[in-house]
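You will see two complexes here that share chain A, one where it goes with chain B and one where it goes with chain C.
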Partner chain A sequence: MALNDLSLSVATKTIVGLIGPNGSGKTTFINLVGGFYQADHGDFLFNGNRINGRKPHEISRLGIGRTFQETRVFRKMTVVENLLVASPNGISGQSMEKARYLLGFVELSHLKDEYAGNLSYGQQKLLEFARVLMRDPELILLDEPAAGINPILIEKLLKCFRTLRDERKTLVIVEHRIPVINSICEKVIVLDHGQKIAAGTPEEIRFNETVQAAYLGAD
Partner chain B sequence: MKIKALDNILRPKIYVPLILAAFLGAIPSVTSNSYVIHLLIIILFHAVLSESWNILAGFAGQFSLGHAAFFGVSAYTSTLLFISWKTTPWLGMFIGAGFAVASSLLIGFLCFRLRGPFFSLVTIAFGEVLRLLFLNWGSLTGGPVGLLVPLMGDSPINFQFLSRKPYFYIIFIMMLAVTCVTYKIRSSQIGLYFIAIREDEDAAQSLGIDIIRYKLIALAVSIFFTAIAGTFYAQYLLFLHPDSAMSLNFSVEIALPAIVGGMGTICGPLMGSFILTPISEFIRALLGGGYAGVYLIIHGGILILTVLSAPSGILEKIMKSYEAALKKMPGG
Partner chain C sequence: MLEVEGVSSGYGNLRVIHGVSMHLNEEEIACIIGPNGSGKSTLLRTIAGIVKPMDGRILFNGKDITGLEPYEILREGICLLPQGRTTFPMMTVLENLQMGAYIINDGKEVQKRLREVYSSFPVLEQRQKNVASKLSGGEMAMLCIARALMSHPKVMLLDEPSLGLAPKVTSLVYRKIAETNNNGSSMVIVEQNVRKVLRIADYAYVLSSGHIESEGKCEELLSDNRLRGLFLGSLTDQSESGPNV
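Showing the complex of A and B:
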């Protein structure tokens, strides 16, 4: 069982980090919330409404956006098309304007007509992130956004997260890089073997013995 | 708005295909060679079919190997309506298309929920079941003897002409229609949805795209054009047989021009048809009836060469030099 008896809440307009050793159930959690997996029992509430059993596209339309652990850009579309496909307003002047703004936001404007498959891995991560923002979701689930990308692009990504924090968006970030979590998250939740083992501020989590044991072994 | 339309026409990407289409459309008025016109009809016929298939397989990524079955459903429907109730094939064409689209949607509805090769396998199975059914249902379809369309002479209302030229213009208009629809799809949000589904279904869903709905739309549009070409086929050849109109071989023939020319492109299937159809026609003419399957071997060879040298289709290779040439043209 990937997740068992897990209960957690994310306050609106906060940035929450979800960490844990490999196999602890972080991505499973995102897949469950996003509707890609169905829970055997239990409830997911979003803005007070139960979202269990809904299909992924319905959940997206409710205002929950997500990225994937491995980048999932549409490789044979151009960069700007990758954003337009996500627009709820179709291909319109308004959508183009928003796409232009978001490409500027993630600093990919110069690549707008390039095929997404030709971008570097890090640039694809940025594009995937911008694509999620195209739908203007209330809650954004980011699955290892900084994995496999160089420090310069990580800085770009963090800059974007900080801007979103200032815009009072709700973000849940699954990440292995603790400095990334420490620098932007207000709250951190730690999973191990599908269960929540700790929750608190980054500072509290850093010195939590249960967390240290989960990462380093009980001995 | 008018100025914008004029601006578009002045772009070589628009006016060069328009000039080519006008040139193609003018050929029957400058030649009376019946074989040349027949060859063009067959090329355009395959272009219509492959372009239709391309909407579903090339853009939306749903690889059908049973298009011939839906083609046959429409061809038989319009022909049986014509024989039994004297319904004009112009109307029968749309009734047949309705049946074909309805049956395809039923299959799509059941299969599109599953991932993997299920849709391809089910379309093959559906095609074979239908072919065998039509082959053995002699009282309705003529069975292995085939079905002859009653001759009406030069009768435009009954979709019959003594000259080949009207057939040419009908299939030419069908080709323009399916190409325009494909172009319109590609440049719209729905086209982006199709490509997103082809590229990554999970990512598409995560962006709010109802993938089953859009796969069904792609299927319906694709089968509609395939089906109307079915009625054209029946009225042009005036004969139907399940082994030729509904076989798996024919489904593969429908797919090949798009694969060779370039799947998921607008002009790839047209180009593929202009390459493959003359080759098979010349081989058939050259070798006669004794070597009926040789053209399939040649097609196979071309397919292998294409996959090895231009996996995305010949069009992509040609487009690079074509686009370089376009830039040197007025307005480019």
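Showing the complex of A and C:
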């Protein structure tokens, strides 16, 4: 059992960090919310509505977008096609304009006609992030968005996360880069062995001895 | 020990690295840092023979190994640890380690090397009968390093060893990397966890758009404010690990 009797809530317009050791159930949580797995019991409520049992594309249409830890781009499609395929407006001038803007933002414009399979891991992470934004989701679940990303670009990504929050979006970020969690999350939830072991502000989590022992280590 | 001279390579018509030169001395750790898509992984894959150079040459202990097949380069003593946790997921830990020694025909020698890696990574001995897919992220990372050590490589090429690992585990993996280096293996490490890798590396190359933009001893790079701004960013001035959420 990857998650066991877990309860947590995420307030609208916040950035919440979900951290914990490898194998603690963070990605399983995203897979459950996103409809990729089904829970044995328990409920998921989104804006007060129960979303259990819905398929991933239905969840996406409800306004929940996600990225993957192991990137899942369409390898034999070009970079720009990867974005257009996610657009709710199909291939239109409006979609193309948005795709161009997002590619510029994640610094992939020069690769727009390259096969996505030829991109590096970090670039594929950025492409996935841009693809999620094509659908303008209300809740965004990001599975290790900074993994494999250059430190300079991470700072740019963080600015974007804050902008999204200011635009009334909600973000749940699974991340191991502690400075990333530190700098943008209002709330941090810590999982271990499928259970919530701590929740609070970054400052509160910082001095939590259980979290230090299970996750952060001493050095 | 390892000399890369003016190497260009890429995929199909896409040229990713352009005339890159670098060197690695015995028992040294060199790191390669730089923006996404700058060609860091491609450079490691080119040295390992997975991607063929379009120009330039690669020398290992004076021998030209340009264009050799990956298994030939492994036999020369250069072992690549690819990005991600690339174990054989349905094989046991023991079988994964034995795969790392497939170039060794002497069973006794394989047993001897197994004892060596179990001594360095006791957790792997405890988990030797488990299939690799059931290991935690940190255990998988250690299995990858241990499997590489089974071939007694002279040079290890590590592609983002901290990727996706919890802070505590990252520190452990880096301790193991430092120990392995102290035991005589030279290394080239590609890493986005820049602060972490600069702590253990001797020499650093900054790769940008497929070119070596800068190189030098790690402490020199760290003291150069302009370069710090280019590759380190302000966030990483905070501790990458430790009780600093």
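Keep in mind that, in the parts below, the second predicted complex is superposed on the first by the 215 of 219 C-alpha atoms of A that agree within 3 Å, B and C clash if a C-alpha of one lies under 4 Å from a C-alpha of the other, contacts with A are read in each partner's own complex, and residues count from 1 in each chain.
The rule is simple: contacts are C-beta pairs under 8 Å (C-beta built on N, C-alpha and C of every residue); 3 or more make two chains touch, one makes a residue touch a chain.
Values in this document were obtained by computation on a predicted structure and should not be read as measured data.
J.: For A:Lys55, is the partner it touches chain B (first), chain C (second), both, or none of the two (neither)?
T.: first
J.: As a test of reading the superposition: which chain, chain B or chain C, is in touch with more residues of chain A?
T.: Looking at chain A, the partner in contact with more of its residues is C.
J.: Touching A:Ala11, do we find chain B (first), chain C (second), both, or neither?
T.: A:Ala11 sits against neither chain B nor chain C.
J.: First (chain B), second (chain C), both or neither: which does A:Gly122 touch?
T.: second
J.: In the overlay, answer first, second, both or neither for which of chain B and chain C A:Gly65 touches.
T.: first
J.: Which residues of chain A are in contact with chain B in one complex and with chain C in the other?
T.: Common interface on chain A, chain B vs chain C: nothing in common.
J.: Would you tell me which residues of chain A are touching chain B in their complex?
T.: Residues in contact with chain B: 34-36, 55-57, 60-61, 65-66, 68, 72-77, 81, 84-88, 90-91, 131-132, 134-135.
J.: If we count contacts the way the header does, which residues on chain B are in touch with chain A in the complex?
T.: Those in contact with chain A are residues 187-189, 192-193, 195-196, 199-200, 202-211, 264.
J.: Residues of chain C touching chain A in their complex?
T.: On the chain C side, the touching residues are 11-12, 14, 34-37, 40-42, 83-84, 136-138, 160, 163-172, 192-194, 230-236, 238-245.
J.: Under the definition above, what is the set of chain A residues touching chain C in their complex?
T.: By the definition above, chain A touches chain C via 19-23, 69-70, 107, 111, 114, 118-123, 126, 144, 147-155, 158, 176-183, 188, 202, 205-207, 211-212, 215-219.
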